[in-house]
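For reference, chains read A, B, C and D in written order, and residue numbers begin at 1 within each chain.
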């Protein structure tokens, strides 16, 4: 068994696999270590909204990253399809961010003006206009922001496509493999101890989502924790919905191909279980049918939960570890893991590969901030 | 392939298999024809309540049958376990029929007095008394009838046990076999045409549930139709419920082993689909958590639907066909198929086997009535 | 409930739905009646090989149809994707028809010459050449025909795409709906009796696969019967196979996206069950690993069976019923249902729509022949 | 959240839950920590043979334990059924240990004599005698040891019953909870750090199966590792088998209720994956049909794998840690986890509860030996 790679990636979710894909494409020898099966956590539980503007309202580096990542999808999806034959079901029908009260309408109208600065196609729709576009929307909505540029895809397919793309470039994948500890020497990471043996590498990249803190050294004051999100899906042949519907509180209806609609999600912090409660299903269906009354006749399909990795300040940890050489972090993407996967793969791969690391990005992004929890 | 049996049973649900078991135990050569897999329709969708008094309030032959059937279960379950090693998970913790309004309380109190005539253990409980027994019941209930004799079991296991018991006695089972038509000669049934060939037999017994009318001759005015029932189940380790909870409208919570609770059921007449609608799940969970508030924290497990075979007057068709010799009927048990399966197996088997048919039972039961739809 | 449509299609498999798609696209009002769920029989059990030349060796109208149908897929797949967002995972990597003995090699070499007449890209490969293309092929093969034009797709996705495409053009779909009988009047079909009521239509099209004979009038001497095919699938990250591998006896290995390989199929005539036997799995895996030894390390995924509708002479029934006006047939496609679905949809739709039916096609195809079983 | 319990058990498999049941029954406050779902590893993958004499041939404390444990099942099963309503499907039809060659026959005959010393019902059967008892056995077997006292049960039900029994006695169960590290103070264990917070307890019991080494202090030289076992199951209505069939190499056929037969198992050391390879299925079915030819017609049901925790010398680690006070071990049961679960629960519970630990058992058992790997 080979025991040395250029790059060791801990975590086989969409983030780890996107990085693996980019690194191996750049010519590195890469190994990915996943303790269960690839994509079995948040990556396959997501709804797959590429909601750059839906999810992130504040200007700043996170929105910049999101918009950059969203713009990468059409070409990366094409590239992955060519190499892997996997279609990730990218649908670009746009998104409506709906106001359900007059107060929300006022907030959203202000946000719409703001969003228009970086996307001229964003516009505010009065209730009647929104209903003219989505006929099933309830009578009592109070308008909506139309974001035609937002799209969505099948997250489990994207994850699988990154994995197959990485394999195409000779990445080695270890499933059912527990990583026990880092091997460090004089503040430099040398490898990892795993249930499949010891591996050495020039760099170790932690893409461990809600479990991001487990292997991280000197990180007592850093916080990464799961926010459980419960979802349900329904199906109908009645063409109930065309665009993604999004509420500011983080509730959404996402119309997939074949008449499926994904309804999500609850938010339960610090809960590592993946069970779905009776009350979550009640609440999700209640909200969904209030927004889209005809959905009550749709066929229930299934319910599931995923753990979204959240951090103290809501920003992901991206970049080199401040004190341990060769150690990199890419976790804490919260609800934006699918959206940010494309750009994360690219910037981390580039940063890890450059002999002189491009600190400018990480500096401008949030280097000073996120690292404060880490000595 | 053998093409002649003493008895041909059309329908591999709990009714057909209970009859097959009894007939083959009596020494007949029996074949069962099922178009899909055994027990794949209502038999496996039921909640398994043996609710003789919960379901049937009026005195009369149907209640007599139900009480007789309920009393047969302890021994038949024992007998099947011995022959098949299958435990049908019979639980005898009793049932509470709960009043949710003062009006319901008055109705139920009258029913309680009535039930006491044939079961001295039935009694009326005030709200506080009911809550003392089932601690999780909501504060705003208005009392309950306690029926300690009612029990419940796992319907798919019962169906499987009858099937294995029938096999034990050399019954032959044809799955995935469509029965196209009866072969009759001078008003006497001789056999059946099926997708597995032609079979001859001394008697043909139709146990075809919601599809009871399909093969029945001269039955233009008879009505058998499905009443779809949607169910959900949840799970909890918190010991939420001990007894079956039943509302007069036909809503119930059934606590199974291992912390599972089955919640049912909706009633949608003339619907042959087996999909579960979003609104059904909402309605079931809403009612369930109103009765048992702690259930809202339970883990959602799954949702399903089954088609209960209903008739015009709510009574099953049991007994010989009025004009076609050798043809017997046992369908239309509506919500009581599991409960009545034991007695149905026994009386039909006995009736079919006796050279002089015991018309007394069928006469007293409902012979005059049910047959009016059949020429 | 609407009770009249231009066209009533009985059977919701890939054939019925392809016809529904084409007919509704041409402007007809169409209803599809499926007794279970759409695509739940052979359509979802197929391996999805578009093996025009792999499956059909003899020149004649069937091969013409197959080649025509294969050529339609790229555009129809595009068209369906646009309307339904469903990608049917069309992969065009070609096919190798492998010889496992010297005798087979001689037979296949002759076939190769023959195939070259209508496809200049077909060529014969010696064993070494074949292994150079597919590195995993066993040492002891005796050459292969290379058919670069053959492709494959995901059959359950194609079926779903036809269904969604038909819905897009306002087809009405009735699932869980049993069709009991045709309504005919003076040798003209007027409608159908179903478990969802009576429906009238200008034409009735039977696309009922292995059950094709059930509703067909005057068809005592016609034969349609199931040939059960058992399949297994495996998965590997090792890039085991690129092209479809096909043996003349009808055994195949089909590499799907994501490292899946579908291995099929057994042939059991007149068997309506959908169970998979222990010996089938043994036999399939044994053949597969003999052809592709590295497959023995692949991960077992699942096993399933489907019923392919076969006819006496191996030709499908396509076209108008010879004596009942307004009644059309499209069943009996055996192993070529997916491949022929595109052309079947088109020619049947055109034939049904034309007031003067285009007898020329049906005449030249096999009108005189197939109809001999029908009075 | 409560943060202190008398006993903290790490691992929610059959061993941990059996100990939890016994400890809580004795009155301790107990918490169980399981990183995934209860019983999701080896406990639910086992075949459930209670093969005291089938599995363990050598006299000594391990066989004594096994025989003691086997004798405990009838009463513990009864006790659990009463408290939890769960039937664990205990079947006591005996076991045949079959010789497939003349050499094996000679080995087994010697073993039979040996076994008779502690079980007078054990006897050697010539081939004809064995076939008279199990009619389906192949002609070419060379005799068998009959062990009428061995039985089998449903391991996932047993695990669930122990869990529900523990809950009945107020055990607290934490699922989806990672235990990160032990809290020790002056060579005494005080508690554990987990993803659900910090917990303190008077004793910590590690029942962590194949992962037994992860949390164990001072255990560099101890070895616990998984031996993956792949299984398949088939089903038949033909009553193919009554007794468990066992080969000395560790291959078995276990007839469950309802016509199911479990076929196992391969042995792959140091493999943490739970995938099932194509070659494993081939090999298992090939062996199974060689022993029981009629099985080739049985219906394939499913395939799965589990990780059996093996140790250097094949003996489980049972008892107190040699140098860390309050820390107890119960892992490494290899193929005998189900069989030994009953006695393990009892002896560990008693040992942990006694203020003066009963060193006599652990001494005589294997205290001196197993601990040599631990400082």
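Criterion: a contact is a pair of C-beta atoms (placed from the backbone, for glycine too) under 8 Å apart; a residue touches a chain by one contact, two chains touch by 3 or more.
All values reported here derive from a predicted model rather than from experimental measurement.
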Minimum number of chain-to-chain contact steps, subunit A to subunit C: 1
Farthest-lying chain, centroid of Cα atoms versus that of subunit A: B
Chain pair with the higher count of C-beta pairs in contact (C-D, B-C): C-D
Distance between chain centroids, defined by C-alpha means - subunit C, subunit D (Å): 48
Mean-CA-position distance for subunit C and subunit B (Å): 41
Contacts with two or more other chains, residues of subunit C listed in rising order: none
Touch list for subunit D against partner subunit C, complex: 234, 275-282, 285-286, 288-289, 295-300, 303
In the complex with subunit B, residue positions of subunit C that touch it: 175-178, 180, 195-196, 211, 214, 272-274
List of subunit B residues in touch with subunit D within their complex: 84-87, 89, 91, 160, 163-164, 167-168, 173, 237, 239, 256-259
